[in-house]
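Next come two complexes built around chain A: one with chain B, the other with chain C.
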Partner chain A sequence: MFERITEPRARDGRAPDVFRPGAWMPMRCHADEEEVDFAIVGTGAGGGTLAAKLAEAGFSVVAFDAGPFWRPLEDFASDENAQGDLYWTDERITGGADPIQLGSNNSGKGVGGSTVHYAMVALRFRPEWFKARSKLGYARDWPLSFDELEPYYEEAEESLKISGPVHYPWGRRRRRYPRRAHPMNASALVLARGAERIGIPWSPVPLATLSAPRGMAHPCVYRGFCIYGCSTNAKQSVLVTFIPRAIRAGAEIRDQAMVGRIEMGKNGRATGLLYHRCGVWHRQKARHVVVAGYSIETPRLLLNSACAQFPNGLANDNGLVGTHLMIHSGPGVWGEMDEEIRSYKAPPSLAVTEHWNYHDEGKDFHGGYAFMSGGPLPGGWAHTLIGARGLWGMALRQEMTRFNRMAGLRIVGETEPKPHNRVELADETDQYGLRIPRVTFSFSDNDRRLMEHSIGSMRAVLEAAGARNLWSDRDSSHLLGSCRMGDDPEDSVTNADGRTWTIPNLWVCDGSLFPTSGGVNPSLTIQALACRIGDRIAAMAKRGELGR
Partner chain B sequence: MNGFKTPYPDYDVLEKWDTPSWNPQTRAVVRRRLDQVPERRFLTEQEWQLLEAVAARVMPQPDRADPVPIVPWIDDTLAANRGPGYRYADMPPMREAWRQGLAGIAGEARERHGRNFGELPAEVQDALLGAIQRGETDGRHWGDLPAARFFSELLLKQIVAIYYAHPAAWNEIGFGGPASPRGYVRLGFDERDPWEAGVPDV
Partner chain C sequence: MPARIPEPSRRPLLAVGLGAATVAGVAGALAWRWWHRSERAEISPTRGLRAGAAVLSLAVLLDSGIEHYRGSFENPAMVIAPTLALATLGMTAVEDRAAPYVFGAALAVGAAGVAFHSYNIGKRAGGFDMLNLFYAAPLGAPAALSLAGLFGLAAEHPDVAKPERVAPVAALALLGTAAEAGLLHFRGAFQNPFMFAPVTLPPIAAAATAASGISPLVAKAARPLLLGTALLGIAGPILHAYGIHRNMGGWRNWSQMILQGPPLPAPPAFLGIALAALGALPALERTR
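And now, the complex of A and B:
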């Protein structure tokens, strides 16, 4: 983006039309004092998806986002350095033995949330992961099964017109993906060649970017800037899918609106929330509040909403809010090819092997990992060379000239849920006067064994593909957990519907619900959960189980 | 290693300026980067000079009469206090970290060599920066700042992010640069579109 957007765009009865430059679509608006059915905090994979589901079910909905409401066609530049406003860059403190890189690595700000800058990887969890303790002997079970979520995976995939292969080699038999797979770039062909030579399956990655036109959106043009925002609308982010759906169904999206506090009534129910917009604090009344701010902002808001009745924060009687935060470990292996690769073209991750997600023999660790082909742009690649090899000076400048011959693989690796990996409040406050989050993370011994194993696997594939001078780096991706769902009120923050155990009209709907992390990108599972929660809420309302 | 050779001597990404690879908002962003290099607003004159000397070693450009500007953009980030969205628990806020880090480099140079960093020969500057990268520093000059973390996480990362956002840097590594709305068609091994850098000189 050329200029920073600081003023709200979605107001006075209209919202940006993301498909046409400068255009608007009508939007139903609510007054603060009007008690709406649902106030949703966050408009990403969880909140944006749920806003559409609830509005389509007939509820009145206002969804808040702290960031701007983009029009990608006119706002997004093809540039690594100019798209920084896509990310959550308010101050956060990161510590522990293995501090997590936040910001652009995993945190979005703006309508559509992190799906505006995600890499579009749309994989389902391995069915057994929902019962990891019972079936695989580690971590814990989810309060729902793959069978319960399977129709919602289908719904999410259909809603996003996922492009994927005719036959995906792993997981339960499934229907064909809605759209054909994208062609493989050279980086993906390196993975394919290596996997075939060592005898493991590989597949085109099912991706949330169009391989055929959809309405006003064109197919992907393979420009390669996906993680800096898609300027052609091929990417099926929540911003261009569920958000227009939500608005058409009557939901209001309130952009540039930072929610600072959930307000409680004397009867133990939430009454609405306080939010900051255009320099002023406002109070929105609501019958239900859904928190969908992802694994850091969700617990932060619950903790910052502490009051006399709930001195430890909301839904936190058992002290679990903020705990069991997980990431995906992301070591990578890189090497130089004889062929030109030019992996700056096309989505960064086009080929995958989930072999070590589904094949447990010979592992000296619990859990799994997938790895995919990589496609860094120059700035990102230079950061990899700094981080892994400490290069600078003329050595870095000369090494960078090999950019077009480099190929690499990176895992999405499961980490264990541990109570000491968590989000807490620091004493320092932000520009709104709200206490900022302090995030603590350390890998477990099991996490480290998984990473070592994966480096061996990636080396084997890259070597077999003909890469030379291999080296590895360390990275991470995604956030998961911190307000986990469960069957036992003593041992979880919400039930399987995302409804908090202690406050019946307070819900969570985002990646912080995950009890375990699995070895695939989380967005599709978050969206499947949101679709299910939407249906569950509508069903409970019909039965009169939502309370007032 | 003092020489530098690019495999793409004839490639100029700016030749695509008026093609479908560059949309108006990207032109505006890159135009500002090329033409509107910001004035000093945050760093002191001494800090600025020191950082110029450091950046000249981290990203040496002896081959260029007109080097890619780096320090003005770091100063711009600091003036706007535009951070990456996190800071390490053992680090002070971004602006203080830069102030302390630059003071650390200056103090380290005077302590070891009795001169300002900018007056040292290039090899000595490189050796000093290498020591800082490895954390082999005299704690007295750094306050509570972890020198190695400052060097790798703030100094190096910022300098290279700015350098590799410049069209001149895209040219020397053969990067396609901005690519919207046209994108690319030929994606496979050794395949390139006519609007990409040609075959590299090896």
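And now, the complex of A and C:
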């Protein structure tokens, strides 16, 4: 990104055509006073996916995003630092015993949301996790089962043309992935070799990047800048999949539009929202409002929309909005190999073992974790060395000379849903005059035992693969929960359809719905949920149940 | 799941397919006419075998040259395949006493190549799993060099290489080549419907060719199928050229995309084998 994009691009009846430099595609636009069927806040894995589903079902849809409408072929540079604009770096307060580092690993800003910079890992939840309390004895049950979500996992995988192995060793028997797996890079082969030597299964990672052409999108060229924005469109982010679909089906995408408040009517129903675009506050009328701003911005908006009728914030009668925030713990283990690894080649995570997601014997903790081969770029690697090992000056430079021989593994580790891990409003306000979120997070004892266990597993794999001088670091990724779905209005914010219990035309559709975090990257599950919610809404509309 | 998930963007697929078929048809017709220019009666089995060996040699020369270049000729032995393919190509063009030795060497080196590629696959993590069959050294490719040598040798010994013997060998070779195309097109998830062509027509042609010794009628039926297979061998590189265009940067980025995209010189193997089989057909069409 060579210059900051400040002006909206999607307006006046057209939106950027992400597949052709400089080109536009026609877009249906709505006036603010026109009451649309659905106003969606956020265009990422949840909101962008749902916008396409609802528009294709025939609803009038406007989806808002606070960030720009990127043109990946033109905007994205091969420069780690220049790509920082992809992250949500607005002011936030983070605290607790283990403050979450906010930005690159968990929040995106721009049409397509975090999927523009995610690592494309497309894993399904372990089926039992949907009934974690009843079947595995910890945390909570989801209000839906794996069986109910399975067809939507399939739909999401098909929509993203996931490149996966012919046989995936874990989980239920499944339909073949739409595309074949990518070749392994040397970093992935280290995991594979180590896993084979200690006798646990491994697999190529199912990834949302093309291994064969799709329309105007090229197959992956293994450039390795995936988490800094894919400039080739091989990455099947929401920006190049569901967003063009949504626009073609009649949805309007409003970029550079920060939603500050959901407006309520006297009858206890939402009537629309206030959003800030081009320096002015506008009011969009809508029959339904869907909040899809992810685990921090979603509760923040609900809390910031407090009014006389809902003084604690919307959908927050039971005080659960913002609570039970989860992340994925992410300790990593690194070691030096004899051969060149050059792990920055190709997508960062090409090999995975979900062994400890599916095998519970011998664990001194609840939950699971997957670990994947790592692929840091040089800037990121230097940050790791500075942060984890305190290297600086000559010591850092010398260590950097070993960069090409480093191999590493990092987990996606489940954390427990705890009420004190939460999003609240601080008194400070941001550039829009909106109260900023305060995020509090601390690992539980169980979370810590899981991390220690995982470090032992990763060390064993790396040692078996021949790595020397092992050391570990701490990191985290993803956000989950904060507006959890459930069966009981007393104990959750929404039902299984993402419909809030207290306001019938207010919905949530993103990762904040998760009652538990699971030990895999959340995007595919968010998109499966969005596909399901889209179908459910269409079915309810047919039966006349939307207006109640 | 909804019956059909809308695609975010499209390509003019039909136009490309029709274009490729037309160009291949015209090119094939011109080549056929040129091949028949001094012909009164028909192609002899020897000529078919020699033409087949020549086409296969050219395909192996380019394919192994490009692929081994991609592998940076990391093992010095990787120069042998293209060098030998160049030699067999030369031997199909001239009369030379060294020919049988060169063809024999190609036969042996091709077999050694299959063994060497197998060893390479086996030692990788995952062993003979699909991922390694997709991306490690291609298991079946060196067999094309053996085939070039075999056809070359056969052309030298018409008394041994009788049409009824050539036909089943060519049929087997067609099946092997179709299997390799099938594996690699499966790797490409058959994203373009034309990718099904080399796994449908050649196996049918192979069956008819293998059975062509049974009756002249079958041999006559095999002819259009083999001509179609030969045409596929010409259409293949055109479609693969389009495939390269669909990769990042397309032909403007040719030096990378010829390596990353679909292999340009691979499909003519079908042409080479079909030519050898077509040479054997006239005799089989006449028998009894």
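Annotations
In this section, the second predicted complex is superposed on the first by the 547 of 548 C-alpha atoms of A that agree within 3 Å, B and C clash if a C-alpha of one lies under 4 Å from a C-alpha of the other, contacts with A are read in each partner's own complex, and residues count from 1 in each chain.
Keep in mind that, in the parts below, a residue touches a chain if its C-beta (ideal position, glycine included) is under 8 Å from a C-beta of that chain, and two chains touch if they have at least 3 such contacts.
Bear in mind the structure is a predicted one, so any value in this text is a computation, not a measurement.
When the shared chain is aligned, chain C comes close enough to touch A:P244, but chain B does not.
In the overlay built on the shared chain, the residue A:V221 is in contact with chain B and with chain C. In the superposed model, A:M184 lies in contact with both chain B and chain C. By the touch criterion defined above, A:G265 lies against neither chain B nor chain C after alignment on the C-alpha atoms of chain A. Of the two partner chains placed around the shared chain by superposition, chain B is the only one that A:D75 touches, whereas chain C remains out of contact.
After overlaying the two complexes on the shared chain, residue contacts for A:R92 are found with chain B alone; chain C is out of touch.
In the superposed model, A:E154 makes contact with chain C only, not with chain B. Taking chain A as the reference chain, the count of touched residues is higher for B when chain B and chain C are set side by side.
Looking at the shared chain after the overlay, A:T232 reaches both chain B and chain C. In the superposition on chain A, contact is made by A:K345 with chain B only, not with chain C. Once the two complexes are overlaid on chain A, the chain A residues touched by chain B in the first and by chain C in the second are 183-184, 189, 221, 232.
Remark: chain B residues 1-8, 22-23, 25-26, 28-30, 32, 57-60, 82-90, 93, 126, 129, 133, 152, 156-157, 160-165, 169-170, 172-185, 187-192, 196-197, 200 touch chain A in the complex.
Of all residues in chain C, those touching chain A in their complex are 1-2, 5-11, 124-126, 130-131, 134-135, 186-189, 191-192, 243, 246-248, 256, 260. Those residues of chain A whose C-beta lies close enough to touch chain B in the complex are 1-2, 74-82, 84, 87-96, 99-104, 107, 183-186, 189, 220-225, 231-232, 339-342, 344-346, 377-379, 381-383, 386-387, 390, 392-398, 400-401, 403-404, 438-440. Against chain C, in their complex, chain A makes its touches with residues 19, 56, 151-152, 154-155, 158-159, 165-167, 178-181, 183-184, 189, 192-193, 196, 202, 204, 211-219, 221, 232, 234, 240-242, 244-245, 248-249.
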